[in-house]
Each structure stands twice: as C-alpha cells, then as structure tokens.
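Take a look at these structures.
In the two complexes that follow, chain A is the common piece, with chain B as its partner first and chain C second.
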Partner chain A sequence: MEKLMEILKNLRPEVDFNTEKSLIDGGVLDSFDLVSLIGELNEEFEIEISFDDMEPENFNSAEQIYQMIVRLQSEE
Partner chain B sequence: MTINSMSFLLFFLGTAVVYYLPFLKKYQWAVLLAASYLFYFFTGTDNFIYILITTVTTHFSALALSRKNKQLKEYKERCKKEEAAEYKERIKREKKRIIFFDVVINVGILIFVKYSNFFIFNINRILDGERGIELKALNILVPLGISYYTLQSIGYVLDVSKGKTKAEANLLKTALFVSYFPQITQGPIGRFEKLAPRLFRSHKPAWQNLSFGCQRILWGFFKKTVIADRMNPFVDEIFLNFQQYSGFTLFLGCMYFSIQAYVDFSAYMDIAAGYSQILGIKLEENFMRPFLSQSLAEYWRRWHITLSSWFRDYLFYPLSISKPAVKLSRMGRKYLPARIAKLVPSIYAMFVVWFATGFWHDASWRYILWGVANGIIMISSMCFSGTFQTWKEKLHIKDENRLWRLFRRVRTFLLISLLKVFPAADSTGNSLQILKHIVTDFQISFSYQAWFPGLIKNYLAYILFGLILFFAVSIRQEKEPVRNYLARKSFVLRWCLYLIILCSVLAFGVLGTGISGGFEYAQY
Partner chain C sequence: MVCNVLEYLERAEKLYPDKPAFGDESGQLTYRQLAQAARRMGSRLAEQGAYREPVAVLIDKDVNTLTAFMGIVYSGCFYVPVDKTLPIERIRTILSVVSSGYLIVKKEDEQLGREFEKETKLLFLEEMFQKSVHQPENLPLLTRIRERHLDTNPLYMIFTSGSTGVPKGVLISHRSVIDMAEQFTKTFQFSSEEVFANQAPFDFDVSVKDIYLTLRNGASMYIVPKSMFVMPKKLAGFFNEKKITTIIWAASALGVAASFRILEKEAPRYLKKIMFSGEVLPMKVLHYWQKHVRDSIYVNLYGPTEITCNCTYYIVDREFSQDQVLPIGKAFPNTEILLFNEENRLAEPGEQGEICVRGSSLALGYYKNKEETEKAFCQNPLHEDYLDMIYRTGDMGYINDRGELVFAARKDHQIKHMGHRIELLEVEASVNAVEEVEKCCCMYDDILGKILLFYQAEKEMEKEIISQLHNKLPKYMCPNVFYRLDKIPENNHGKIDRQRLKQKYMENNK
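On to the complex of A and B.
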C-alpha cells in the first residue's frame, strides 16, 4: 500500500488519496492520469492491467486500486 | 464483382438459397466459407495465396498460444507460487515468440504487397540515380481486403494470447472468420469473440432479418448512387484540375470530398450489413454519425469505429503503458509542468498510432501527413485543454449551450474537411499545392461555377435531395434507430417511403456505372 500511495502522490501531488473515494466518478483522475498510473503500476507490481480493467470500480479510491493489484497478483 | 453489383446480388441470392436449405442447417458455416472463397476467387486468383497464409498462420498461432495458456494454468494449479512465477516467465517468452512470428509474417505480407513500391520509390529518390542504381518497381496486385483481414486476424491472435477468447480448433472455421465475404472488401474489422459465434451458429430464416436487411441494402444503394456517385465526377474535377480553381472552390472541394467519402464508405457498410443480416449475421457498426461530432477526438470515436478501436486496443493502450512510455513519463515529471507531464505516455502512443493510421490507409507520404496532422491537432487539444477551459469560464460559455454545440460541430466539420486535402489530392505535392492555394487565394465567390464547377444543375438537385434526406435520417438516428421509428408508423407510410427511396435510386441514381462501380475505401 505504501508503494501505491507513493506512486499516486507522484502522479497528482495535490490530491489527498487517503480520503478521496471517487477518483474517477468525481473526475479527479482523467484518462491520461489513468494511462500514466497503469504503466507505473504494471512496472512496479509486475502485473498486467488490461484495457477491460479500466473500470471506475477499480480506480475510484486508493483502496480499490490496491485490491485490484492484489487480485491481479494472485491471478498472475 | 463489387458488393453493389448485379453479379453480387445474383451470387448472394444463390448463396442465401443454399444457406437456408433445411438439410444444410448444421453446415451453414461451411456454405459461408465456400461462398467467401468463391467470392475471393472471382476477385483475383493470383492473390489467393496471401489469404491462405494469413489463415494458416493465424490458426496455428492462436492454437499454440492457447496451449501455452493452458500449460501455465495447469502448472499453477500443481506448483508452488515461486516455481510458477519462473515458469510463467518462460511461457511469457514463448508466447512473445509466437506472436512475433505471426505478426512478422502477416504484417510482412502486408508490407510486401502494399508498401514495396513506396519504399522502392523513396530509396530511388534518396539514391537519385547514383552510380546508375535504380530499383525497379514491383508489379504486385494488392489482394482484396488485405489491410482489413490482416488487422482482424492479428487482433484474434492477441485476444487468444490474453485469454480474452478461446482459440478455434477447426482450421476451416478460422478460414471463414478471416474471409467472410460481405465484410472482406472494406471491413468492418470484426472481433473473434463477437463475430465467430454469429458465423458458426445455425440461423433460421427470419422475416425481420429479411425485411431489415433489404431496407438497409436499399438505403445503402440510395446513398451510393444518388449522393456518392453523383458527387464523384465534380469532386474529381476540382482536385484533378485544381490549378484552375480559387482557394475558395478548393476548400469547398475538401468539404464535398469529406461528405462524399463518408457517404460512399457508410453506403458500403449499409449494403454489407444488410446482406449479412439476411443471413442472420450482425456486423459491427462502423459509423455513428461522425459529422455530428463536437471535436476531432469525438469524430474518430464515431468514424470508422472498428479501425479506431482496433488501434486503441492493440496499439495505443499497450504503447501508452509500455516501459518506454513509463520511462518517458518519469522523465517528463522531472522537467515539465505536472499537467503536461501526465500526457507524455499518451502523446508518445498517439504519435505512433496516428503515423500508423495514416500509413495503414495508403502507402504514400500524403496519408502519413494526414495521419500525423490528425495526431498533432489532438495532442495540441489535449495540451491546451486547460487554457480553453479557462477561456470558456471567462466567456461564460456552457457546454450544454446549443449555439456553442453547433459552433463546435461546424468547426469540427471544417477541420476534418481541411485535413481531407491529403487523401483527396492525387499526390503529396499536389495536396500541399492545394493547401497553399486555399490559404493564399481564398476569394469568396457566389457564382455557380465557383461553388459547383462542372456540375449539371439537375444533378445538383438530385444530390441536395439525397443529402437532405440523408442528414434528416442521421439526426433522427441520433435519438433512436430509424428502423424502430419506422416500424411504429403505419404500413402505408412505411411502404411509401421505401418506394420513394427505390424510385429515387432508379430516377436520380448513377446506375450505368454506379451499379457496378467500386467503393473508395476498398483501395485501402
């Protein structure tokens, strides 16, 4: 989780990822943030986030992103 | 034998009769394969070998990838996690080799048949006759639909690799997926997971399929003969003799070309989808009224949808999250403002995608320029979106304002039309000349000759009638499918409309050549 928070912080320093629960639905992250974030996550956590995983329910909060990473790591 | 010819109609009727014979119900897919190969055979026997190679390599690559996925799954189930990770790396490398083999062969064939002369021409220009070296152009006929079926086949192999779809075990069924005759000439570029079940399943003859299919074919013929083929001669006249016209007429020519290209391409799609629907097989939609787009990005989501989504899924997305993109992104964060830095992976991917899109269309610099110009405009729009937003707020412009939306639609159409100068001209030099004329010699004129050079007034009336009906249907279609809307209307009204369209085709359409004339996008 710490690694994830660091990546998120680097991506958008002004956003409070500890409390924000609607990163996608609230328009905090746009598609360019997502693409950038996915590249970082794939590299850092050795996972493959597919185009089909780009759903709001996977990216609305840091917690959901973390859950997706854990799920993909277990599937790998 | 083009899809809008009488010979195709007869060929299709014969196929449909055999297809629906009750005792062949289980083998309908085999009837389709036989018809597809027969259709392909009629278009040129010399090029048959290329589609066979694509079919065989696609089939065995998909099977090999599927086997690798299965091996990995079984290994994971019986081994420890650490051991599985090592094994996974090995399988990953092997899968990459299979994909590499498949892509090199299929893209290699495409490059060989479609792009050889482009490379030879450019090498000769660089050498400039040095030491008497001049490479001879190759005399290769580009196989029908190769740009379309190559992308469709590669997409299937990549989907199997990702585990998104299962590999087909029957080589003949793969052959049908690659060569299905209504769509082979100009797409749509199908996805295996959607198209294959429709192709391989048995279909009963259904009244609704016949009725909707015929309606769509009729609509396609109307668009093709009354609008596209009527516009063709005078649009050609403007671009072939561009030196004789002012920048104003040339810009109008770009708009006409834009409309004509859309009507021509979407007419093909209507005819192809209509024929296919009669067989009970739905094809993917390729257009969603692109001229109603409010931005270039939206236009590309509505225009040639199956091509744009192919590039998005198999090129843009993998490139934008690739290691080079991540490296560029990290570098960007060090040196660029945050709002620009986050765009770096997308900009990198977009540049490659738009270069590829231009090059996919045609082996020429003007198409590469056209693709890159599209990319540059969209990248600029991404980079300056913050500034535009600030201006909009200062000017109190709201997105839902109707006038603002209309302005954006007109602006997008004019931009798309201006970019069409590259495909419309017959060479890169001429497209740049035309562009120069438009910029330096733009004199607005109200003479008929300046607006419609060489166009007979009667023909103009036919075209306008066609376009008014066409755009009225498009606007209605934006709210709900027009066929559903018509289905609610009385029988008499519906049939009156069908008769009007049929009579328009017969009275106003270019039937002499149009009924057997080709489609513009078939050359790509």
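On to the complex of A and C.
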C-alpha cells in the first residue's frame, strides 16, 4: 500500500489519495493519468492490468486500486 | 463565395433538414433543430444589443454548447469557449482579457457563473434558445446583422498559454475557418457521408475542424464523452455503433487508445480517415493503429492555433521504423510555408529555419495585445513592396531529401505536454509569485513526459507551491517533479543558466 501511495502521490501531488473516493467518477484522474498509472503499476507490482480490469470500480480510490493489485498478484 | 460560416449551416439545413448534425450522450440535433435554436438564441442576444463583441461560454462536451456558438454567430458576435473546470482565478484572468459584456452558462453552472457577475453579464443558455410563442426567431433583426457582415469579422477566440504569465486570446475570422474547411474538404475528399467522432474539447482548436467540416459538408458529428477516454473500454464499440468514418484527434488521444489496447476486442469497421495533430505521434502508436485499422489513410497534421488549425499535412505513404519521425509534409493549398534562418533569409534544403506561414488562415492576432501580436505577426521579411503578413510559429523545421517538411525543435520555452501547449515561462511566473520562492526554473523531460521545477528557497515548499498553483493554473500546467536548490546556477550575466541546470539534471538521472 505504501508503494502504491507513493506512485499516486507522484502522479498527482495535489490530490489527497487517503480520502478521495471518486477518482474516476469524480473526474479527478484523466486519461493521461490513467495511462501512466497503469504503466507504473504493471511495472512496479509485476502485474498485467488488462482491458477487462478497466472499470471505474477498480480505480475510484486508492483502496480499490490496492485490492485490484492484490487480486491480480494472487492470480499470477 | 461563402462569407459566413452560417451559410454552411443554412445550406445543410435546406439539403438535409432531418439529418443529425451533432450528437452527444443525451441525444442529437438535426440540422433544422440546430439552425432554429441558434436563430432563436441569436435573436435574444442581438435584442440585448450585443454586436461584434466577444461572448464567453462556459463549455461542456455537448450539443447545447455548439448551439450556443452558432447562436452567438447569428447575433454578429464571436464566441469565446471557456473550460469550466479551470481554477476560478484562471477563468477570471481570461474574462478580464476578454472584458466581455456577456458570459453564457447553463442553469446547472449558475453558482460558478455568479462568481463572475461583477465582471460580466450572466445569461442562461436554456433561456436563450427556448422555443416559445413569446420568443420566436427575430428574422428582420438577424437579416440586418447579416447584411452588414464581412468575412474578415472574428468568429471565435481561443486562449493559449502566454510567456508573460497572461494567457493570450487568439482571434480567428470567418474567412480563415472557411479557408480551412474548403482546403480540408478538397484535400481529403469529405462528403455528406462523413461521420466524425469529436474528441477534442471545444476550447481546443482541434475541435474547430470537426465542427466546421461537419457543417460544410452536411455531415454528422458525434461527441465522444470525456469518460470514454478515461475508461476507454466502450470506445471501440462507439466507433461501430455510430459508424464513424473520420477521426481528427489529438495525437495523445490516439496514444490513449493504443495504451489501453482498445482495438483488439473490436476493430473500427467504418473508419477510413485517421488524422492527428498537436504532438509528434509516437511510431509505436501509429503501428498499433495501422495493424488494427488497415483500410484507413493516416494523416499527420501540423499547425498552431494562430493559423487556424493546420498549415501542413503528411499522408503516411511508406513504412517507418521505430526510431524514425513522421514528417509534417507540405503546405495545404492556399497556404505557403517559408523557413527563415537566423539571418532572416530563406533556409537552404536541409538547413533549419523557423517555420513561417502565409495565407488567409492567419489569425487576426492576439486580442487586446498589440505587443505580442506584433512579435508574431509581421511583414514578410523578403520584401517591403506591399502588405504581406506572415506568422512566425517559433517552431524550427527543415526540408528533408524527399522534399518534405520536418519539425525539428522549438525556438523558445514552449512545450507540448499531455496535448497542451504550454509556455514554461508562464509556469515560472506563477511559481515566482509564491512568497519565499526566491527564484525558479522550469524544464521539460520529454522522455518521462514530466514538467520539472527547480526552485531556490530556504526550505522545502512543495506543498505551498502546489496549492497556490492549483488555484491559478490549469492542472496540466502544474509541475510534476519538484527540486529545491540552495542556489540556482547563473551565468555571467546573472541569468539562470538553463544549460547547466539541464546538464546537472541529466547527470543525476542517468
């Protein structure tokens, strides 16, 4: 989780990822943020976020992103 | 000769009254509905006494915004699209440059609109094109306005980053947009069969092509919802559902589609023309699209807002390897490109020169900004025989051995970041306004795609800088990486030594 928070903070320093719960639905993250985020997550956690994972409910909060990473890692 | 873009709209209204002109998530407008709503709105605006002045609009990606634009044109005024997600201070700065009499907002944005009531008169979009017996089209008034029209009158104003710290309003005439629409139609053979998928927001001049090529040809345009670029799963389906034939997108948007690998599941079946601009398209993105959409032509478009969308094009006609760069090709008809070297003489083939543009496409300059206008729009240095204006883009280019124009670099501190054109000096001006920052310097790491900020201050100020910038600048202009230095290197003249700073950065990040 710590690593994830660091990636998120570097991505968008002004956003409070501890409290923000609608990163996608609230339009906080845009498509460019997503592209770089997915690239970094894939690399850092050695996972492959696929087309089917691209749902708002996997990205709306840091917690959800974390859950997705854990799930993808266990599927490896 | 077409002198007013409304002639395009009215021709389409006559030929295809029941065909959809523009569509969005919540519905679509036929040409008749669009033209009638625009005339009602133009009537209301003109009855207020507005004429040949800027009318700002808080825009959305929807058909109502486009109807508002057309309504403003009917009134004889010109529209100024303003992104409502910008920080309030940024909107205020833009409105102060415009010093517009009117700001058009939707009912749902009333609260935001009220922020600017001191500066401008607030009008509600819904009330202006409502259909009621009390508010019919005021045809005699619209006709009188029309009779006075000149094609050199302004049509719209789009804001772009300014190196002095204040954004500049680029003012574009009817003539320039008509020229663009005619040359694009001729060059790429657009017809009424065309279906455009609009990606660019309406404060971006990439969208000007979608809007006016649609009207010019009596075609249809569907607005791709912004959310589809964030979670692009539905994008591939969108292409086929709407039978999209042409996309004219920011290069970065094609990149998004490629990064999410959206075309594997469902390839667009109707797409025949893929055009892109705004940044250099990475080869791997081009290859990805080419692999999945084979029957399409691919066109690299080049040009700044000041020459009305694009001045050159290159139709991809050969294979490129990963390390090659797409040329920007050749000038559109009715446009000339001149390359001037440092001595203000024409560059030899292969020699780099500043890309300068001649033609009807030239903007009317920067609104209420004579100084910046005269810097960029000037007499053709080749002669003084008659008035012959060129626009100096600040981009450096050269002609390769195939006779194609190739973009080389920027002359100044302007960058392209996430599809946006940004003056680093404007970012620096905003950082310097933060108390306790003694000095700063912005650079761009184009490999990482990040804006770097080096600042001189006694303590770490990252948090303060971020929170202040976010009140003033669009978020894409805010630096991504912060470095505090005790002393920013200077050269002998006491100026910031950008070269040395850059070297240091490169050494540390090897």
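In this section, the second predicted complex is superposed on the first by the 76 of 76 C-alpha atoms of A that agree within 3 Å, B and C clash if a C-alpha of one lies under 4 Å from a C-alpha of the other, contacts with A are read in each partner's own complex, and residues count from 1 in each chain.
As a working rule, a contact is a pair of C-beta atoms (placed from the backbone, for glycine too) under 8 Å apart; a residue touches a chain by one contact, two chains touch by 3 or more.
Just so it is clear, the structure is predicted and the values come from calculations on it, not from any experiment.
Undergrad: May I ask you to decide whether A:38 touches chain B, chain C, both, or neither, giving the answer as first, second, both or neither?
TA: both
Undergrad: With the two complexes superposed on chain A, say which partner A:51 touches: chain B (first), chain C (second), both, or neither.
TA: In the superposition, A:51 contacts both chain B and chain C.
Undergrad: In the superposed arrangement, does A:20 touch chain B (first), chain C (second), both or neither?
TA: neither
Undergrad: Taking the two structures together, which residues of chain A meet both chain B and chain C?
TA: 10, 13, 31-32, 35-36, 38-39, 51
Undergrad: Where on chain B does chain A make contact in their complex?
TA: Listed in rising order, the residues are 85, 88, 162, 164, 312-313, 317, 320-323, 325-326, 329, 333, 338, 342-346, 349, 382.
Undergrad: What does chain A use to touch chain C in their complex?
TA: Per the stated touch rule, the residues are 10, 13-14, 24, 27, 29-32, 34-36, 38-39, 51, 54-56, 59.
Undergrad: Can you list the chain C residues touching chain A in their complex?
TA: It is residues 85, 226-227, 229-233, 252-253, 255-256, 259-262, 264-265, 418-419, 449, 462, 466-467, 470, 475, 478, 480-482 of chain C that touch chain A.
Undergrad: For the complex, give me every residue of chain A touching chain B.
TA: Against chain B, chain A makes touches at 10-13, 31-33, 35-36, 38-40, 42-43, 49-52, 76.
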